[in-house]
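Below: a set of structures, written as structure tokens.
Consider the two complexes below, in which subunit A is the common component and subunit B and subunit C are the respective partners.
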Partner chain A sequence: MRSSNKYLFSFQIGMQNAMEYRANFFLSILAAIVPIFIQTFLWISVYKNSGNSVVFGYSFAQIIQYTVIAQLVSRFVRTDFEAEINDDIKNGGLNKFIVRPIGYFSHKLCCFLGQKVVNLVVMIILFITSILVLKFSLGVVITGQAMAAFTISLILSLCLNFLIFFCVSTLCFWLNEIGFIFEAVRIIIITLSGGIFPLSIFGSKVVSVLDLMPFKYTINFPVDVLNSQIMGWGIARGLCIQVGWILCIALLANIFWLIGSKKYIAVGG
Partner chain B sequence: MSEIQVRLLSKQFSYYEKQTGLGNSVKNLFHREKLYKDAVKEVSFEIQAGEMVGFIGSNGAGKTTTLKMLSGILFPTSGEARICGFVPWQRKVEFKRNISIVMGQKNQLWWDLPASESFYLNKCIYEIDTKAYSQFLEELAELLDVKHLLNIQVRRLSLGERMKMELIAALIHKPRVLFLDEPTIGLDIMSQKKIRSFLKYYNEQYKSTILLTSHYMKDIEDLCRRAVVISKGAVVYDGELARINDAFSGKKLVRLQLSRQVELPVLESFGEVLETDGYSATFEVCRQNALQLTKSIQDKLPVEDFNIVDVPVEEGIAMLLQKG
Partner chain C sequence: MDRILKVIKKHIIVYWIFVKNNIMAQMEYRVNFFSGIAMEIGYLFVKLLYVIVIFRSGANINGFTPNQLLVFAGTFIILTGFHAGLFMVNFMSMRTLVREGMLDFYMVKPVSVQFIATLRRSDMGLFVTDVTAGIILVALGVIRMKLSLTILQILGYAMFIACGVAIGYSLFLIPQILTFWFINTSAIGETFNSFWDINNVPMVVFNKWFQRIGIFVIPIFVVTNFPALFILDKMSPLYFAWGLIAPVVAFVLVRLLWKVAIRNYSSASS
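Now for the complex of A and B:
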């Protein structure tokens, strides 16, 4: 009997949950379309008024392409488990993981990936539709090489985003009521990740600071790879940095968890 | 070697007080005075393999906190414990394979899935052989009479059915040590009885060591020969349940039925009155004085019926807890 079986089961639970709450996912996709429209109109007026065909290093077609792809990527890598972890820590749900030979972190990761596999089917359809619309309306061309590199970077982004939000969730060990903090942190992180607009808008100084943080490697980097803003060695370098951040934050998440779990008081019976 | 060894185990919690009112809420934002509570104070006991021991105490006495430390959920403030040779809060995989905990007030099954899925997850977690798993699940489900409920979503089961499923989930890997925290809480008499007889059978059949807390004395009296009584975080009695009243062995209870109402002061002139409603009364008396007292009571009070009994275990424990 392989021990990995238990995590395969967690993976299946994630898939079952995603199917159970499919309406939720479809609605969140719908919700992603609204900001795309708002931003498209915003950019149209920005480009009209600036008189330049290139703003912040992006042409109009590129910026629209960025907006659409960034929205889809940020929906795909989005985590929804913070409230669950909060509940497990606050109300003693963690007990069942502590007393059994199963890791909470690994279980959550497998659940998360299982959930994403179901979402993936919808995301692939949406990606293809968006790329076709972009191609015929704005003449955007995406190369096969960019597509392949994007796929790899997206998988790494998924893991990195999971780890970042897992770290944030460990705050529940120290703070009593944290639901609103999650939302605030999420908005900040999405902005710093380039989920709303390209990071170059912030100016080179801010970008050089953001370069030292892991956030841009969750959304900005894969989107730039797909849009051929980054190519060749830049891609290889970016992928290596993604892996580096994944290792660092995984370590950090484990340290936070270890320290936090000593503070765990297992209330609620 | 003992299966469970606990030595001077203590747990202190920190908390803060908040007075009522908006003003105090604002004050609380800036300053909170940290207070400490000793939930468990230097608790020590040992339990041999195969023993089933009752862990008794009033609400907030520290029973659940102790069980949480012994199952590795909580880190103690000080003290030592060894369960099957392992330190619980080191949370080693081998330790986890040998224990299980059931909490009457906490659901450990997957709420949205049928119980059979949770059992299967446990099969994977504990790496149980498929054949052995199927056989044992069948045996447990039959004993608890829940075979027909295995494929129903847990959220749709009644409290009693759910508790039976919790027990199966906790036992499916045949743990050497089982902690039961009020497994019969809120259940009807039939379900309580079923769970009691199941636990008795399981303990005899599989020689597992069981530490059981319950507020229903019937659970403890039926299942445990030995009891550890805890009050305000400290052990006040550890020994045979039947001898719990030895501390009160010199005492007897005299119960009277009276044909007309008698005022409390009149009753009190005969001895210590434990309870009365005017038409009945219970006296606590010294063993040697019991007969003499009943004689004088019979002469002076309108007695319809009376009997002299030993102090029941339940009342013995109540007296212990009051003293502790």
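Now for the complex of A and C:
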């Protein structure tokens, strides 16, 4: 077997999984309609009553675009493997990777990307629909440069989010019970990523602290690139920071995994 | 009358036993208990984001000041405590009860089947977290507005909270009752549950038509908005009357639907 084939197999497993649970992804996207609906009405009220055409640094069209696209992006980059990793660590599922020709990290990454390729089809349809609706209702125009930069930053966000949650999953080596910890961490990370509201609502001081963290580069940055909040060198700078964070967190994930796996006692399996 | 009082007393005693048993069970799995609270604090933080947006924008929303909107947000969080801590934990397991025929066990108990099937479980961690946070927000809003509340206003607020609890219970039980006919209603249930979050913002944010639908057709806005409207002295006589009638109508409807549904129960797996 060629060495690249093993990655392809893991990729295909991810695709098959996503195909099997395609209704689940569709429903999760459907659930995004409620927050979009609520936030749209909230923003209409805020802009109407404040009398300003720019609030938190966004025009009305930009904020509605942010609301819709951020919901789609947050669902697209979302990971769902934390419980699987917990199960593999607690019930000896890692044992089989001792004899498999592929590492656990590479397997999970390929599966994740395979899953996202299937999700991408649904995502593209909804994305195009949203952009068309925004264009005809609010006159939103997306430039070719913004679109290209958004695509690159979205791919990088996907990798960055995978690595962040892989790091979080290594907690299972140290904790006997996980309970709802992953869900609590997920909510905080989504909020700090700008997955619910743009980060500028927190004010400049908090934003300058959040700038030092990797989270905003998973949702806030790609969405701001698309709605032209960030342009020119700002995009190049942001993409470089994304790559930098990917390298740092990949290193961190490996270190955590190495230290954690020393505590692994191969129960069951 | 005496008989009704006896039945109510019996159910209160049984409910207290349920609560004690649930607390003991939760204490066995402490990580679950505390991580559940951490999760709820996370959700609370998300709810507060809506307050942050309103406060930082500095705008009065359709005649309501940010401090008044703080009272709405606090009331919503108090009622979320009842919704998530006392009801949803039961509603989520309704499908399993019906699908696996476990309702049989409850039918032979000397209390109402609806009572035991929809109220036996509770999560005091979620309940206490939300109710405490909600009360703090309401108090903060009231203090910042320098409102001096009378005993009557506080009692009226508590009464409308109770009405909101009754409507919330009835409204969100309906999609779960469909499980008696369709067995797998997870998609309907989950989609309907996401409508709870519509109260993340006060109803004044929505346009008049949505408000009318949300008050008189599917009274979701009555649940969390009416207590706040009452305490802020912004309640019209029509809303006052509907706020008292709606929970009775909703509860009677859900009771009738339950009785029809239970006749349809076929005890699948037993």
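Rule of thumb we're sticking to: the second predicted complex is superposed on the first by the 265 of 269 C-alpha atoms of A that agree within 3 Å, B and C clash if a C-alpha of one lies under 4 Å from a C-alpha of the other, contacts with A are read in each partner's own complex, and residues count from 1 in each chain.
One rule holds for everything that comes next: a contact is a pair of C-beta atoms (placed from the backbone, for glycine too) under 8 Å apart; a residue touches a chain by one contact, two chains touch by 3 or more.
For clarity, every value in this text was computed on a predicted model and none was experimentally measured.
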item	value
First, second, both or neither for A:Lys96, with subunit B first and subunit C second	first
Partner chain in contact with A:Gly203 - subunit B first, subunit C second, else both or neither	second
More subunit A residues in contact - subunit B or subunit C	C
Partner chain in contact with A:Phe41 - subunit B first, subunit C second, else both or neither	second
Subunit B versus subunit C as contact partner of A:Met231, first or second or both or neither	neither
First, second, both or neither for A:Met19, with subunit B first and subunit C second	neither
Partner chain(s) touched by A:Ile265 [first = subunit B, second = subunit C, both, neither]	first
Partner chain in contact with A:Asn5 - subunit B first, subunit C second, else both or neither	first
In the complex, subunit A residues that touch subunit C	27, 30-31, 34-35, 37-38, 41-42, 44-46, 49-51, 55-56, 175-181, 183-184, 186-188, 191, 196-197, 201-203
Parts of subunit C lying in touch with subunit A, wherever the complex brings them together	29, 31-36, 38-39, 41-43, 45-46, 49-50, 52-54, 56-62, 187, 190-191, 194-195, 197-198, 200-201, 204-207, 210
Touching residues (chain side subunit B, partner subunit A) in the complex	13, 64, 68, 71-75, 91, 93, 96-97, 99-101, 103-106, 108, 110, 112-113, 120-122, 124-130, 181
Complex contacts: residues of subunit A adjacent to subunit B	1, 3, 5-6, 8-9, 13, 16-17, 20, 92, 95-96, 98-102, 262, 264-266, 268-269
